[in-house]
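Two complexes follow with chain A in common, the first pairing it with chain B and the second with chain C.
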Partner chain A sequence: MKFRCEREAFERALGLAGRAVSGRGGALPVLSGVHLVLEGDTLRLTGSDLDLTISVELTVAGEQDGVAVLPAKLAADIVRAVADGKVEMTVDSEEAHLSAGRSEFSLRVIPADEFPQLPEPSADAVKIDATEFKDALRQVTPAASADDSRPILTGVLMAAEDDGLRLVATDSYRLSVRDLPGSTVLASDQSVLVPSRSLNELARVLGDDDDLTLRLGEHDATFEVGAVRVTTRLIEGDFPNYRGLIPSSQPNKLTVNREALLDAVRRVRLLAQESTPLRLIMKDGVLELVAVTQDVGQAQEAVDASFDGAELTVAFNPEYLLNGIEVTGGEEITLETVDELKPALLRRVGSDDYLYLLMPVRVS
Partner chain B sequence: MRLLIARCTVDYDGRLTAHLPSAVRLIMVKADGCVAIHADGGAYKPLNWMNAPNRLIEHDDHWTVTNPKGEQLTITIEEVLSDLSEEMGVDPGLQKDGVEAHLQELLAANPESIGEGLRLVRREYPTDIGPVDLLCRDADGGAVAVEVKRRGEIDGVEQLTRYLDFLNRDPTLRPVRGVFVAQEIKPQAKVLATDRDIGWVVVDYNELRGIESNELRLF
Partner chain C sequence: MADSSGPPATADRPDRLRILHVDMDAFYASVELLRHPELRGQPVVVGGSAERGVVAAASYEARSFGIHSAMPSVRAKRLCPHAVFLSGDHAHYAEVSGRLMEILRSYTPLVEPLSLDEAFLDVDGARRVYGEPPRIARLIRRQIYEQEGLTCSVGVASIKFLAKLATDQAKPKASPAGPVFGSGISVVAPGGELEYLHPLPVRSLWGVGPKTLAKLERLGVLTIGDLARLPQATVISALGEGQGRHLWLLANAIDEREVEPDQAPKSISHEETFATDRHDRAGLDVELVRMADAVSSRLRRHQLAGRTVQLKVRFHDFHTITRSVSAREPVDTGPAILRAARQLFDQIDPAPGVRLLGVGVSGLVDGAVRQLSLDDLMEQDWTQATSTIDDIRSRFGEAAIGPASLAASGELKLRRLGDQQWGPDRPSTPAEPIDGE
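Moving on to the complex of A and B:
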């Protein structure tokens, strides 16, 4: 294999493919490497941990076709470190030689025939509005669980809903639901559970004006964005019945300016340390935020708000509350509650496309 | 326990022959008959050793240690620098980490938290290579060996694999399936367990203790 390319483009491609490379190779040491295939002037770089595969196509000046597996981290470090401009790479059966400017590197390659055969994406492709989908991922993926002991909750449910697509994630403390009306990506009643980690990687490469294509297989999903292809294994199992969790009506409704609340929460939570919650005291015309950490101190702030209901104090995990306010968007938001122990519902005023359901924290 | 510090040479004759040239070494003779020869370095591994049962014969200038397989260690003593004997009594054994032992106790009291329909047969069920933490029966009467760890790593899966190997030789138990239980399980351990058809369950220690979290959940 022999090719030349621009350092910056090669660095980006190695970095992208390297994000799917497993840390220490796990069961297959070859997976600690990035797989390179050169055909003509097209270089395809692939990293995979078998659950997530990221593949990037790069146009290079190819001189000799070939296949190689480079140690991912070392190769990325080298390409990041060398001088800007042209990079030339030659790979034989044992070593890769990289030259850039006056730098020369030789590094041992990993036997390419050990790299596993990865599943080919399904032929059935559907287009997705990249801007909307990226926005939906930003809103929904943070609510997915990071706890591997409940794998179902580490995924984002993508389900056909009425005339569109619905994304849902929950870690059992909060639930995030986003509707994309008119996005007919899935067949009627079809749903898949996609690992949130894979969707986060997709969101990193997704630009607003990109074309996004989804290819759904039986056990995997492939998202194509320009020259980047993200393939993820789907999570098998039944997602919790989340519909029953969403209350149909709540007697208390607080309406508040989102930015004002966001700023106040950011300030007051500085004194909500060591897992102490942040209290929201809802009264007519005002919302008071209070945080008290024993032996450290306390903070409080009032925010103008309109409140319809009986005076109520509800405590929340400050990070979860902050995240909900951040991703809900809009100028004004509503916080609907039943009492201090029932889930609270965050929505944007004037929009039904998104909801964030948050469980309070019990306080004495 | 007898501790002899002596300038000696050592010859082993068994599966192979080995010779330790003259030097000052610690010769450890344990009450059960184990003999180990240590240099003044390294954490725990002796230069040479013979596991009990052994027959130790002390001659004037050399000792011979012979085991039932016919392997023999000959220690030729040139100079004795120190010879100390101490009655150490019966060792109480390795105490498990407090949380781990308590976790095992809690799971024994509530085996259904490991799997639906699971009933406890015995805690610390003996095998030839050590006791398995819990032996249970599932709803269908099948034997289930449970290994409990605070942190579930590959070593724990290996340990359970060895227990299963021995337990499955017992016609009154087999087939015995394994379940690896811990407060947290490393991804590699999960992969290895799954590969060996061993189940794994992550349990919440506080929940088992009945300590109520102040975090409310949606479900």
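Moving on to the complex of A and C:
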């Protein structure tokens, strides 16, 4: 294998593919490497931990086709460090030689035939509106669980809903639901569970104007954005029946300016330490936020709001509440409640394509 | 206390039994006898046997020769030349003590250890589950004997200091003819506190040393009753504000000191040794359901929740493994604990034979403030259900309600808390007499 390319483009490609490379390779040492395939002037770089695979195409000045696996982190560090300009790479069966400016590096390569065969993306391709999808990911993925002991909840449900696509995630303390009406990506009644980690990686590479293509296989999904391909294993299993959790009617409804609430929560939560909750006292015309941490101090702030219902105090984990307010977006939002123990609903006024359901903290 | 002229009205005294004082019998010596069964029946002295050593503990046989703790070992040897002297092993005693305190904490979180072998318990909140305090005292004595092979004496009273006094009366006694077993449990009946207390010599009062005794004798005080009948002001002027008031109140059976647990429990767990090794996953799963339910019930009773769920498995060959998993938010419901325990158990092969299974929750936090979970809703309004369960249990006992998978025909096989926690029931009664009902 032999090619030349610009250092900057090579660095970006190695960085992207490297994001799927797990630290020390785990059970398969070869997975600590980045897989390079050169055909003509096209270099494809691939990193994988078997659950997530990121593959990047880069146009180079190819001289000799070939396949190689380089230690991912070291290769990325070298290419980041060398002088800007042209980089030349030559790989034989034992070593890779990289020269840039007056620097010369020789690296032992990892035997390429040990790199696992990765699933071929399905031929069925559907286009997704990248701007909308990226926005939906921003809203939904934070609610997915990071707790590997409940694998189902580490995924984001993508399901056909009416004539569109719905994304759902929950860590069992809050639930995020976003509808993308008119986005006919899945067949009706079809749903898949995509690891949120993979979607977060996708969101990193997704620009607003990019074309996004989804190829859905039986056990995996591939997202194509320009020269980048993100393939992810799908999570097997049934997502919880979240529909039954969303209360159909909420007697209490608070309407408040989102930025004002966001700022107040950010201030008051400074005194909600050591997992003490933030109390929201909802009354006519005003929302009071109170945080008290024993032996530390307390904070309170009033925010103008309109409230329809019976005066009520509900306590929330400040981080969960803040996250909900942030991702809901819009100028005005509503917080609907039943009582201090039932789930509360955050929505944006004038839009019903997103909801954030949040369980209170019980204080007794 | 504004009135200082005479004894206050009885209404000021707590009127029901709630305090247990548990004191191990000849603790160090008894622990040594477990390791040296060949010495049973012989006078055994634990302590420094060197020139300046002192006796740390003496078996009741040794006490029959007049040996007692804090006596110079040289003198003990003169009193009983054939006594067996053992050097102490504090680390071992502390380990046994830790297990004893765990037993006590399984009845109530309100355990105040006074030393390695002595503790106060406030069992007021435990009576609904375990019965009246004298019954709890019996359960504790039996469990300590069955699990550790050690005996203890228990004083039961409405206040701390009376419970401690009562323990002495329950103790085994040394006599020239050898040890005489005590009653094991001594109860000061509510309402009978003064009757019990007043005939006792004033030196029995906690905090009365030789100097104080001399001062009191100058006032003509010989019994506790004498002291109680003096005006409080007289006692205070003789003994000073602090001690005078304190002793006068004690003499009137007023002791407002609460049992102060020196540490919050670090974990709550239930484990069970099976009578025969178990190989079937399904059967063991039923045990998991039972244990998760028991642990959750105890967590909620103590108003605690925990982040980490542990599973303990001891195999037929005593090889023991523990596995744990931590959740982001603390849990206190049966289903949540069960879910974690099952997840851990799924990774274990019971085929070689499981001798012991245990489920525990650690990383405990205040359970009163808890992030609610959607699981609570999905598990059929489990939040409401658990409070109903807790209500039912507190009214009708632990076995009144339990998970459906534990239901056998006609009864719930719900293990009463504490039963079988440390091993299968013994087929025969223990050799050591435990006090009668």
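Some notes on this structure:
Quick note on the criterion: the second predicted complex is superposed on the first by the 364 of 364 C-alpha atoms of A that agree within 3 Å, B and C clash if a C-alpha of one lies under 4 Å from a C-alpha of the other, contacts with A are read in each partner's own complex, and residues count from 1 in each chain.
Rule of thumb we're sticking to: a residue touches a chain if its C-beta (ideal position, glycine included) is under 8 Å from a C-beta of that chain, and two chains touch if they have at least 3 such contacts.
In this text the structure is predicted, and so the values were computed from the model without any measurement.
Partners chain B and chain C, once the complexes are superposed on chain A, run into each other and clash. Once the two complexes are overlaid on the shared chain, A:Ser149 sits against chain B and chain C alike. Contacts of A:Val363 after superposition on the shared chain: both chain B and chain C are touched. Touch counts on chain A: comparing chain C and chain B, the chain ahead is C.
By the document's definition of touching, both partners, chain B and chain C, reach A:Asn317.
In the superposition on chain A, the residues of chain A contacted by chain B and by chain C overlap at 149, 170, 172-173, 175, 240, 245, 317, 341, 343, 357, 359-363.
Those residues of chain A lying in contact with chain C across their complex are 145-147, 149, 170-173, 175, 240-242, 244-245, 275-277, 315, 317, 341, 343, 357, 359-364.
Within the complex, the chain C residues that touch chain A are 325, 327-329, 340, 343, 365, 368-378, 383. Across the interface of their complex, chain A is touched by residues 184-185, 187-188, 190-191, 202, 214-219 of chain B. Those residues of chain A that touch chain B in the complex are listed here as 26-27, 148-149, 170, 172-175, 240, 245, 317, 341, 343, 357, 359-363.
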